[in-house]
Structures are given as C-alpha cells and as structure tokens.
Amino acid sequence: MLQTFNRSFRTAAWLGWQVESNWTDPLLFFAFSVLKPVSSVLILVFMYHAVAGAGSDAPIYAYIFLGNAFYIYVGAVMAGTSYAILDDRERYRTLKYLYIAPIAMPMYLLGRAVARFVVGTLAVVITLLVGIFFLNVPVNLLTVDWPLFGLTLALGIICLSFMGLALGAWTLTIRNEPWFLGDAVAASLYLFSGAIFPITLLPGWLQPLAYGLPVTYWLELLRRATLGPNAAAFPTFAAWSNGQLLAALTGLTLAFGLLAALAFRFFDRLARERGLIDAQSNF
Amino acid sequence: MSIVDRQLPTENRQLPAAPRQVIHGWRYFLRTVWARAYPRIIGQQREPAWVFFETFLPFLATVGYVYVYRAMEAPEEFVGFAVMGGAMTAFWLNVMWSMATQLYWDKEQGNLPLYIMSPASLMAILLGMALGGMLATSLRAAIILVLGTWLFQVPFAISNYLQLFAVFLLTMTALYGLGMLFGSLFLLFGRNAWQISQMMQEPIYFISGFYFPIETFGFAVALAAAILPLTLGMDAMRQLTFANGPALGFLSVEIEIGILLLLAVGFVSAAKLALDRMEWRARYEGTLSDRRK
Amino acid sequence: MAHEALAIQTENLGRVYTIKAIKKGEAKQRVALNDVNLEVGRGEFFGLLGPNGAGKTTLIKILTTLLAPTHGRATVAGYDVARQAAQVRPLINMVSGGESSGYGLLTVRENLWMFGQFYGLDSKSTYRRVDALLEIVGLSDRAHTKTSDLSTGLRQKMNIVRGFLTDPQIIFLDEPTLGLDVGASREVRSFVRNWVDERPDRTLLLTTHYMAEAEELCQRVAIINAGKVLACDSPANLKRRLQREAIFRLDVSPLRNGALSTFETLPGVRKFVHTPQDGKSELDLILAEDGAIASVVTTLTSHGAQILNLQKREPTLEDVFVDLVGLSMEQAAAS
C-alpha cells in the first residue's frame, strides 16, 4: 500500500515535471514566470506611487508587495493542480489512462503540484529580487528569520496542494468550461486572505471567512519572517504570537487535508458515475 | 411481415427558387457585418455561465484594487479609477480572447476558408466580429461599473458628456481596430496565439494604466504607452468623469482625442492591410487555409 | 458571366507546396499538381477520382480561389481564379467532407442563415430555402438544435445544405461522403443526383476516392494520381479501354511471398493486385485475353495454393486505375 503510494508519487512527480517544464519556447517560459508576476506587482507598486508619491517607507508598501509575491504560489500550486486534471483530460486526453494505471490518483496530482511549486518558486524569487533591488522593498536577506520562513513555506505549500486536490476533483465534475473554476477560486481567496490589504478593511460580515482561510495565516507568517519587526506595524494580527499563527496554520492544514481526502472521494465517484473522466468540453 | 423499402426520393421536391443575390453596396456590407455579429450577441445569451465568469473575475480584481486604495488611504477618486479600470478590462479581455484569437479558431474550425471563398468582404466579417463583441462586452462592463459604483459609492463628476462620448467611441474604434489587426497577425503565430494573449494580460494592465493615472510613469513612458488605445482613452475618461481627474491627467483631453483619432484610423487601416496580406499568404503559401498546419 | 465560357478550364495547371524545414536546412518542395489540363462544360457532372494525396483537394482549393496556382492557369465561368477571384466567388460554393462549418452555439438554421447573408441573400427567402433544404435532407427536426449537439453525419448534412443554399452556378464537392455511414452516403448521393437532374445548367465537380461513387454519379471522370491527370472520359469509355482485356477475381489460400514474383513473367498477365485477407489471398487480374488464366491457375497450384473462388467480372473504374497506375487505389494512397 505504502509502496504503491510512494511509487506513484515519484512517478507522478517525475511525469508532472516533464509536463510542466516542457516549455518548447524559452521566451514563453520567461513570460509566464517573470513577465506576468512582475507586471502584476508593478501595478500595485505604481498604484502606491500614484497615491503616496515617491516614498516607499510606509508599512503598507511592503505588506502589499510581499503578499502579492507569495500569492503567486496560490495560483501555481492550488489553481495549478486543478488545471493539471483538465490538461490531462482535455489537452493530452490521458486522464483515462492515468486512471486505469496502477498509480494512486491523488498522489499523481500531488506530484504535479510539486512540479508547479518548483516553477512557481522561480517566479516568486524573481519578483522578490526585483522588489528588493529595484523597488525599495525593505527586506534584508540577512535578518530574515529563515527557520520560521522555511517552516511556514513548507506548511503552506502542503496546505495549498490539499486545496488544489479538492478543487481539482471538483473541476473534474464540471463538463463545460471548467477552466474558470481555478481562476475564480484563486481570485476570490486573493480578497479574503489579506494578500494585498488587511482583512479588517472587509465588511464585518465577510471577515470570519478570512479567519477561516489558512492562506491568511500563512501570508502573515511569511511577512513576519521576512520583514521582522516592521511587519508588526500592521494591526490585523497584532495580538497573535508567531506560535499562535503557526498553530492556526497547522490546524487548518490538517483540516484541509481531511477535506481534500473527502472531496476527492466524493467528486471522484461523481465523475465516474457521470462518465466525465474522458469528457471533452465543447467550445 | 414487414417491408423495408430502401427506395430514395427521385426528386428534391419543390425547392424554392434561389433568392436573388445582391452583392454590391453598403446594404450588403452591413448585412455581412450583422450576420457575423449575430453569433457574438446571441452566444452570450446561450452561455450565461460565460457571462457570469467574464464579469465576475474582472469584478473581483476591481474589488481587490479598491481595497488596496482604501488600505493606502487614497482619495476617493482613486476608488473610482479602480472601478473604471475594472470595467474596461472586460473590453481588453474581449479583444484579446475573442478578436485576436478568433481568426485562428475560425481556421481551426474550417470557417476561415468559407469566409475567404464567399463574395463577402473579409473586412466586413471582421467588423461584425468586433461590433458583436463590443456590444456583448458593453453589458459586462456596465455590470461591473454599476455594481462597483453602487458598492463603493464612487463620486462621479462628469464635466463634458460630448467629449466623454467621443473619447469612448474613438477608444473603442482604436481598440477593436487593434484587435482586428491582431486577428491577422495571430493567425501567423498559430498555436502560440493563445499563450501570447494569456501572457500579455498583466503587462498590458500595467502599462496601459488600468488602475492608476499614467502620469505616474513620467512623460516619456506614458507617451510610449499611449500607443495602446486604452491608455489615453482611460486617461481622458478619468479626466472627464472625476473632479480631481484633470489634475492627475497626462495630456489635455483635446490632445488625447486627437491622438486617439490617429490611433483609430491607423489601427483600422493597418488591420485592413494585414488582412489583405493574410489572405494573400493563405492563397500563395497554402498554409493558412489548411488545418493540418 | 461570360456565357459561352466553359464552367471550368485549366491550362497546364500546377501547384508546388513549399514545406518549411523544421530544422535548419533547405525547404522541401512537394508537387501536389502537375500540368493539369481539364475542360468541364456547363451543366456537366464531373468527377475527379484518385487516392488520398492525389491532389484532388489542392485542385478544388485552386478552383474555389482559396489557393493560388504556382504554374499555369485556371478559369471558372471564364474568370481567372487567381486574378478575378471577386468575379468567381459569387458563382460558386464548396462542401468538403469531414469538415464542419459555423458556430457550435448557433442553431442549424441560424448558422445557415449567417452563411446566406455572406452571399447577399435576403433573410426571408433565405429562411424559406433553408427550411426546404433541411426538409429534403431530413434535418427539419434539428433546425433549432445547436450545431454542437449534432452528430458528425448530421453536421455534414448541414454543411451540404450550406453549399447548395446559394444555388451556385458551379458547386465543388470535395469527398462529400467522407466519414458518413452507408445510409447517409446514399442519401447524400441521391440528393446531389436529383439536384443535378433538376437543374441542367448547373455544373458540379465532385472528388472522391470511392470509385463506385464516381461511377454512379459522374458523366465524366478524370483519374488523378500523384498530381497528374492520367485519363479523362465518361465512365463507360474509360472502362471500354479494358474491353479487350479479361478481368478476373481469384480467391486462393494465403500466398507465400515468393509466389507473386513468378506472376510478373507469366505471358498474358498485364496487371495484378494482391490483397491479403483473413485466411485467404485476393487476386485481381487484368489479363491480355481469357486464355491466360490457365497458366495463372497452373502456377498457383504449383506453389501449393488452393483455389477458393474464381470469377470473371466486368471492368470497374478501379481496374482502369490499376491499369493506368499499376497499383490499386489503396496501395497508391499508401505510397
């Protein structure tokens, strides 16, 4: 049992990497891992400049920049995993063969997520470096709390893969134009996880949703790890210690792991019942 | 006992005589435009899910940017800028996804050869595509605008309706002219067209100043960005619809109208040239009307 | 339109495709049509018979102004297809088998209306004609179905209606029954035949690689292979070329490889085609005269082959093709 899991995970990670890194055109690779993320962060940077003039020392500047930069992982890992299912079903038309192959489907998808993570890391690193060296983002690589950063990042990525798994299984049950789902969920979470503005700005009745999302705690911890004391200048989680935030993130990760397992079983059965494993959406 | 009669009809019964063809003049041109616009307009009625997502996603982005301005404690006009930018993204998305890539899809589906073979002008067909897309998108843009205005109490202060109308019309002409131009160019890029559309999205939102006034760029960069129709179009619209707009404007509205007029004429003519060139290549190289690539 | 002009005329027509090399190196050239000379009169039902890759679609694309010739010239209704495309286009239409047309979101009726508009037809009479044509091809009950929900066969029927909707002077049908089942193919052929019978002044050019289709429908047939027209005449006249020959179909127990080579030296055997089947070998023979069959049978039995069936038959266009090319159509397509 464990062996099958292990084998399928490694095969899947390898297969996933082959698919994800199969960029025939280095220019396109550049565009997707640099041009898009850097442009979207530049929009925020210039919005800030338009309002505040040239200064970039207000804490909100670093808050927005880092939140947006790390949010790239949400698109890459969570939405990416759900795309992987569709890619296999619609573009490569291989999903049905993967299904009948002796590899555990969730493991295969997590393998794809790992590949997505590697590609996403490139975009995150480039965005951060551009920010630190050209856009006055006040991150000092020497004072970053690396252990906290590493631990948080790992937890978050695991959690995002779980979310991607659940989302991917859901996407599988949608016949027409299911591509939007990953985008729509990623875009909604963007608003509710304090990525680019503190969640206290949201209407009061929406705030509980934000507190229920692991990404909220994850981003807060990443900011604290990279900015040190500057991050605390923002009041959303002022009363929370790092330990409390970590506990919340761990708890939610476990919860989403369970949710992903249940969702996968449920949607998987639904997809089989409705014969959607080899469906094609029409355009 | 059952009898199977496999006899086929020996005549096609009464087929009404062929309608008279009128293939000259502006009425024929408009007929073609409308016929090609029709699928665009009717299409969105049949796929409400598309309309939902194509409105919903830009709207979410808009909400995000509104809150970013709130977090920066920006003046209320900026909230208006974000809402307007969000509404205008609907047009950009339509131009990239339904204009620029459309001739490529038409080729893949086997429609392009039928269009080229028909006596109709390809320009009229492309124009219909643009007009249909524009009308269908206006609905989406309006929803984003109305919803955003209502939710965030955007303080509009329109100073000159006539100029605003002119700016909008010219911006749309130039924008869809650009889309028509892309349509022919993307046909040459083939499969990569989809990826090019995808990867240009955020860079264009940035460089065109969808969510902030472009004077922030400084003169030279802003002028370079003005080659994209929405850059000056939105700058002029910001100046005409917000009290504080003119102070944050790039050039005067009159000059911007002038440049937009040039862009409109330029892009539509370039689209015509590119289309002729595309048809020429299709016929001489034999690669473009062919589905096997 | 120039009234006395032939419907279709080609003079030394040729088309060379330049295939861009994927790796560095010289671009390759492929001759798809070579020195084609054809004349099709007004009101004629003309067939172009040839295997896959013979150049049929290329010829149709040139005649429908979609592709420019690289050599020679072609006129349709007296107009040069390369230089006077605008004059040609209102007079023609085309249906290619295996292709769909229009938009999946539109209904059958709406799609057809749209194409009608491109030909300058007014809406009201377009709808009337659409409805009548749908009735004839048995698609009326699907008039309001979205085309994306149609089966391949029904979509092809709609495509055929699109082609005939504008009542073209000259219509090009490029393998119109490709991918259709037997019943649907029959219906399509019957529709086309009736259409021609009822309109003696309309010209129809049909390409096919089913020889029965050409034989059944066309008044004249050009046999085309590897870009060249090898013969052009009525099916009866083409078959008359084989009048003096004797044509046999032989079924024997499976042949070993060596057995075939001895045939080549047998006196009186002009052409033969060997088609291995499940558990037997099929031999189609074109012999100089009846008597030659004796030595064939002797040779076969000396190779240990068992004769399962022997039949003398009338020549078909397939035999004409074999006689001209030395290969069956299937073999010619593969090469």
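Per-chain residue numbering starts at 1, and chain names A, B and C are given in the order in which the chains are listed.
Criterion: a contact is a pair of C-beta atoms (placed from the backbone, for glycine too) under 8 Å apart; a residue touches a chain by one contact, two chains touch by 3 or more.
Everything numeric here is computed off the predicted structure, so don't read it as measured data.
Enquirer: By raw count of C-beta pairs in contact, what's the busiest chain pair here?
Expert: Highest contact count among chain pairs: B-C.
Enquirer: When the mean CA coordinate of each chain is compared with the mean CA coordinate of the whole protein, which chain is closest?
Expert: So the chain nearest the centre of the shown protein is B.
Enquirer: List the centre-to-centre spacing of subunit A and subunit B in whole Å, with centres computed as mean CA coordinates.
Expert: Centres of subunit A and subunit B (C-alpha means) sit 31 Å apart.
Enquirer: Centroid from C-alpha atoms only, then distance subunit B to subunit C, rounded to Å. What do you get?
Expert: The computed centroid separation for subunit B versus subunit C comes out at 42 Å.
Enquirer: Suppose each chain is reduced to the average of its Cα coordinates; what separation in Å results between subunit A and subunit C?
Expert: 55
Enquirer: Can you tell me which residues of subunit C touch two or more of the remaining chains?
Expert: Answer for subunit C, listing residues that touch two or more other chains: there are none.
Enquirer: Where does subunit A touch two or more other chains at once, residue-wise?
Expert: In subunit A, the residues touching two or more other chains are 283.
Enquirer: Residues of subunit B touching 2+ other chains?
Expert: Where subunit B meets two or more other chains at a single residue, that happens at 47.
Enquirer: Touching residues of subunit A toward subunit B in the complex: what are they?
Expert: Interface residues on subunit A, with respect to subunit B: 25, 28, 31-32, 35-37, 39-40, 42-44, 46-52, 58, 60, 63-64, 176-177, 180, 183-184, 187-188, 190-191, 196-198, 201-202, 283.
Enquirer: Which of the residues in subunit C end up touching subunit B in this complex?
Expert: 15, 17-18, 58, 61, 64-68, 82, 86, 89-90, 92-94, 96, 99-103, 105-106, 110, 113-122, 125-126, 128-129, 132-133, 135-136, 146, 162, 166-167, 186-187, 190-191, 194-195, 197-198
Enquirer: Looking at the complex, which residues from subunit B come into contact with subunit C?
Expert: 8-23, 28, 31-32, 34-36, 38-39, 42-43, 46-47, 109-111, 113-120, 125, 282-286, 289, 291
Enquirer: Contact residues on subunit B for subunit A in the complex?
Expert: On the subunit B side, the touching residues are 47, 49-50, 53, 56-57, 60-61, 63-65, 67-75, 78, 105, 192, 195, 198-199, 201-203, 205-207, 209-213, 216-217, 248.
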